[in-house]
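Order of writing sets the chain letters: A, B, C and D. Residues in each chain are counted from 1.
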Amino acid sequence: MIELTRDLVDASALVERATSPRVGAVLMFLGVTRQFDEDRETASLQYEAYEKMALAELARLESEARRTWPISECLIVHRLGLVPLGEASVAVVTASPHRSEAFAAGQWLIDTLKERVPIWKQEHWVDGTKDWVHATELKK
Amino acid sequence: MIELTRDLVDASALVERATSPRVGAVLMFLGVTRQFDEDRETASLQYEAYEKMALAELARLESEARRTWPISECLIVHRLGLVPLGEASVAVVTASPHRSEAFAAGQWLIDTLKERVPIWKQEHWVDGTKDWVHATELKK
Amino acid sequence: MRVVVKLFAGAREAVGDSEISTEIPDNSSIRVLRESLLKRYPTLQPLLPHAMFALNAEYAGDDASIPEGAEIACIPPVSGG
Amino acid sequence: MRVVVKLFAGAREAVGDSEISTEIPDNSSIRVLRESLLKRYPTLQPLLPHAMFALNAEYAGDDASIPEGAEIACIPPVSGG
């Protein structure tokens, strides 16, 4: 399941959906809006997407992960618009019979999402300035 | 925070506790009671601990993880007693500024918990038989 | 042919519009499009060398030729997650 | 000295009790304790070679000597998680 949303990411609902007697391991990663990056203070993050292509790329990620690892559940939700401090911008949930595959798939999904999916983050700093993050070097 | 409990593991409360503006990444692993392992059908799992030492070992795991990675939150909850199908027997939650440390710490914690912490699992099969799992080779 | 290119994030703001257009020869490659945009939209100069392009919502390399009527997008370095 | 050893899981069930006791010389090592238990509790034979021991809730190697009054536990291969 892939989703772009302008609402709060409901982490509990995602975990509940992935947890079943068919799996032995459930892994969830949340990317969260952080207040301090080194010395600079963030007020919030704003996310923009090329939505049609972002959905297509996310679908390709899900297919590729399912081909590579025996995961019985793969949930990717990315939030768009304003994401306040301490709230999740992205959730990746994987479930599998054994834990190593849930970890491997989860880490690959978030790493690859950050490389490939056409979504952009704008830092809104507390001093009122804003910066689009277009660095090739990735952070969070 | 470490805990042994005979109640349901409240995954949502753990995620909520770990999610804050101080972190950029939250990782949760859940170990879940699986119905089928190859062809054999499980009815439930029963967990027993040497509680005093299990708490001491879990505390050592938390300290060691905090010394190794810059994690701002480390939550480990293990359930004891009967764990029905599809319910979590263990939850490990890590939170850190960047995602790589949350993943590394989370994976190390669950791997090492399974090697070191004096907790034992008894398989209750649907045919009514029971087996303590004392194999050195680990599964889930 | 006249092509329309979708812009996002920093590229959109550099130009002040979410779409731009330029004239290129029929069957041009992405490389030709990139050069044409560089000439016509100088404010894109800092970002364009680092941007990818997509044809019909799929990444396309610099050698890909642009079909008539394709949906074209300029994809500056992404930063989702 | 007389020592009491806590048993868990399969070891507890093999003996039918959660504690067993045995007589060993003062300051004996874990190795001596293990051998003594093997002789006195034959139903532990399959599990004991794979079990660890703990002194006062901490793992102790076979060469560790057992202080008088220590809390001693036999730890069969663990399977939490």
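The definition used in the following text is that a contact is a pair of C-beta atoms (placed from the backbone, for glycine too) under 8 Å apart; a residue touches a chain by one contact, two chains touch by 3 or more.
As the structure is a prediction and not an experimental result, all values here were calculated from the model.
The chain with its Cα centre farthest from the Cα centre of subunit A is D. Centre-to-centre, using mean CA coordinates, subunit C is 72 Å away from subunit D. Separation between the centroids of subunit A and subunit D, computed from CA atoms only, is 48 Å.
Spacing of subunit B relative to subunit D, judged by their CA centroids, is 26 angstrom. Residues of subunit C found to touch two or more other chains are absent. Residue positions of subunit A touching 2 or more other chains, listed in rising order: 31, 110, 140.
Chain pairs that touch one another are A-B, A-C, B-D.
Only residues 6, 8-10, 13, 47, 50, 54, 57-59, 73, 75-81 of subunit D touch subunit B when the two sit together in their complex.
Of all the residues in subunit B, the ones that touch subunit A in their complex are 11-12, 15, 19-37, 85-88, 95, 97-99, 102-103, 106-107, 110, 139-140.
Considering their complex, residues 31, 47-50, 52-54, 56, 78, 89-90, 110, 113-122, 132-136, 138, 140 of subunit B touch subunit D.
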